[in-house]
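Before we start, here is the structure in question, set down as structure tokens.
First chain written, first letter: the chains are A, B, C and D, and each begins at residue 1.
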């Protein structure tokens, strides 16, 4: 079952800049992470954006929607910052694309010890293959329909609403 | 959706013994890996066996079957060595337990750089929540019904048959 | 040869806070890093400060000086932020303590992929055992006397002056 | 101060072969480890051998001796298996090369969680720069003259004799 993995940035993909001491975006870690996962199903990687999700504007969300719309693959994983994952999911939900779109991300960058990123990517890849067409958020070991979830920022997790 | 994670050993869970230079079994890495994954769904861990799957005998497979049968959770992930994962899956498949049982493992131990273990665990946890009752092997980013998969040992991957 | 390892914070010891997305200080990684190093020489760890070195004031530097002065061990490694490592080294240099004091740090936090921290700690531990009494900065695989080194911030490395 | 780093294999440099489940030798991890260490001193890497030190024969030890003899750099670090590190050190000690030669290794491969390899490499690089000409073993956070050390195999550490 073919998958498309779209990177948009987010905590998942941040890396450390030794000169500034900041966490920034560079080349996505997703290609090496997908290779490590030894996926044999066809799986195309698209580096679309590299943004902190708090910096994501409407125009960026339209770019994400268009990337999903034009994707040949009908099963899509979007790696996204957690803070506005719900807002992007809503834009995609209203777009009614007749594809299975699963947004995931991480609370700890993939390049930092103890990250949830590889687990979350695996979880999202299975959800994208197994769920009916629709838009979902896959975080904390759960699959949430896009319109029934929120991020609880003080607890640092997603919960059903 | 409640999950039970059963450890049986396998490459996934091997660790290095500095005194012998061998890869051996000690405490399972699964509790720390599950914590890292920030799972909020109820998730019970059961350390059942700690075996190389080439050393797994019929009696061990019956232990796995019994663990699945008595599990309160109807959605079960079994972490298992890859070499005889198919054989254990067959025993479970014939047992007809009316539960969703997903076997996964790793080609590289979780404690070694470049491991597929965290991705595979995430993938299997989603498959266990989303698949119909039955027995499946989740490896290489794919979900295979237990009776339609084999390990290709020379390529080091699972493929449909 | 007995060693004292004094933590003061710095990039070396930063960890990621999932709730704020910031790199912050928590428990020092040094005890686990020293254990991993399998050091058999007597080695005492002192968690003195947990500061970004840009936040280090004169009073903090006096605390470092006092910790060195009262140390029973005459061979001391100080893990310190790189930005003002030179300033703390100068305070220690003027204190004339008749001990071998080696400051080190890291350009990438120990908990982030590709860190120089474990190498630098090993390098500094050897320098502390082998150098004459005095104050040194051990970074970039070199031992610099405290008054003959500066940090080149645009290049992100220490160089002789 | 120029350094030469000679790889001979050993636990330090072992990697996991997913097809056989064995720890084997492939490309040395030393170039990437040296890059991570951000060394600014001239530092040349020589991949001489890739052997478990239990498989090292007299002819191999002569190769190591010749590599040291012809090295332009007078400060040399040799990464070596721990089991016969002492034997190779003895051959080099008797060769009286008027260079500073420091042998190091690791009890846990560099690519496995919790390895002592990066610390040991840093430790050895400082020792090679700071010690008088001679042959040394640098392990467990200590520098031992070649003729005053043995590996205690049951404890998994080097100790003075």
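Methods note: contacts are C-beta pairs under 8 Å (C-beta built on N, C-alpha and C of every residue); 3 or more make two chains touch, one makes a residue touch a chain.
Everything numeric here is computed off the predicted structure, so don't read it as measured data.
*Asks:* With chain centres defined as C-alpha means, what is the inter-centre distance between chain A and chain B in Å?
*Replies:* 25
*Asks:* Would you mind pulling out the distance in Å between where the CA atoms of chain B average out and where those of chain C do?
*Replies:* 43
*Asks:* Rounded to the nearest whole Å, what is the centre-to-centre distance of chain A and chain C, using the mean of the C-alpha atoms as each centre?
*Replies:* Roughly 38 Å separates the two chain centres.
*Asks:* Residues of chain D that touch two or more other chains: which are they?
*Replies:* Residues 107, 114, 156 of chain D each touch two or more of the other chains.
*Asks:* What kind of graph do the touching chains make: line, ring, star, complete, other?
*Replies:* ring
*Asks:* What pairs of chains are touching here?
*Replies:* Chain pairs that touch: A-B, A-C, B-D, C-D.
*Asks:* Over in the complex, which chain B residues touch chain D? Could you list them?
*Replies:* Residues 11, 16, 18-19, 21, 23, 107-109, 111-114, 153-154, 156.
*Asks:* Please output the residues of chain B touching chain A within their complex, sorted ascending.
*Replies:* So the residues of chain B in touch with chain A come to 1, 3, 33, 36-41, 43, 107, 114-116, 118-127, 129-131, 138-143, 156-159.
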